[in-house]
Amino acid sequence: MKTHRKELTLHVKSRRGFVNITPDVQAAITESGIREGLCLVNPMHITASVFINDDEPGLHQDYKAWLEQLAPHEPRRYKHNLTGEDNGDAHHKRQIMGREVVVAVTEGRLDFGPWEQIFYGEFDGRRKKRVLVKVIGD
Amino acid sequence: MKTHRKELTLHVKSRRGFVNITPDVQAAITESGIREGLCLVNPMHITASVFINDDEPGLHQDYKAWLEQLAPHEPRRYKHNLTGEDNGDAHHKRQIMGREVVVAVTEGRLDFGPWEQIFYGEFDGRRKKRVLVKVIGD
Amino acid sequence: MKTHRKELTLHVKSRRGFVNITPDVQAAITESGIREGLCLVNPMHITASVFINDDEPGLHQDYKAWLEQLAPHEPRRYKHNLTGEDNGDAHHKRQIMGREVVVAVTEGRLDFGPWEQIFYGEFDGRRKKRVLVKVIGD
């Protein structure tokens, strides 16, 4: 069994944004030499998500508006912000979108349907953050 | 280390529906010959979910009503639908219910509590869709 | 390839509560002798979650209030409760917070960013429940 670990660094300049990291994840799989196995992708931060959906700008705008409805930024709404933070909403948005994805690796490739793409979802950006890719298999 | 890959095909005749795929996932594990490991189950589509919960029809009705509240079908609500689609809501519902499950395989069986069952959750049906099962272990 | 299986037992005395199980998961990894691989952590029950976020009491209060908004306890709201249960809300709250986490194991440790902590999220407590930890790797 082989394993491979890689960190991606992301810097979203605005508070919120989605970045397609599919090519970076595929590159990590290719580097690993693993042909069959599983690949975990997760942010190492708790105000961000990794999720799989469509690379369609209208949908991404929809997601942002919807997450703002479900967990508005309004700093006074959150007890968490009494610690001096203003990112209580980001901790909630990340739970809706999920922390991590686990994807199958088959014949050295992401084993995906035609529209599946992996996104980094940032909810408290304007600084560097890390995404972990861990591949295991043969 | 061994791996096994299987595709299930589902065809939900209505727009939305939940299908218990636990026996199909167990069959894939049995075919694999893997006794100890992990099993990933995910739709290869982005308007569907795989999730684990109770096989109870009242709960499934509750989920459908609740998802309709959180992300109503109303086609004009979503910028995504400006692409000509009418399934913007389905991309949102799938994020609430999640994309995939990862389950433990122990002594060749799904390592489950008494009520855990695996469901395919369709939010934009009336056509064939694929679910990927990938098992890794020994 | 090695695998290791461990069950944790939790007993949250109130209906809802969050318990930091990070040290228990690390202990299971250490026991396994696995240095590189993946670790799955999931409740064996369908009214509970395992999730990763901050160990900050204000945030946990925020989560509880928010989940109560998104899926209120109100027993009459849920068809599921016609079965004699009063935990319909718990099945919904668990979907928001997710069922399981998969985490990377690197050099025998949880491969985490500085703030990541693993929580058991109970939504229908006052009885013993089990959490499964399954580690695979080398």
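Letters A, B and C mark the chains in the order given here, with residues in each chain numbered from 1 onward.
Rule of thumb we're sticking to: a residue touches a chain if its C-beta (ideal position, glycine included) is under 8 Å from a C-beta of that chain, and two chains touch if they have at least 3 such contacts.
Since we're looking at a predicted model, the values are computed, not measured.
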The chains touching both chain B and chain C are A
Shared interface numbers for chain A and chain B above half of all numbers used, same, or below, different? different
Averaging over Cα atoms per chain, report the distance between chain A and chain B in Å. 20
Sequence positions of chain C contacting 2 or more other chains: 1, 38, 70, 96, 98, 102, 136
Chain B - residues contacting chain A, complex: 1, 3, 5, 38, 40, 42-46, 70-71, 78-83, 88, 91-92, 94-96, 98-100, 102, 130, 132, 134, 136
Write out the stretch or stretches of chain C touching chain A in their complex. 1, 36-38, 51-54, 56, 58-59, 61-63, 66, 70, 96-98, 101-104, 106, 111-113, 115-116, 136-138
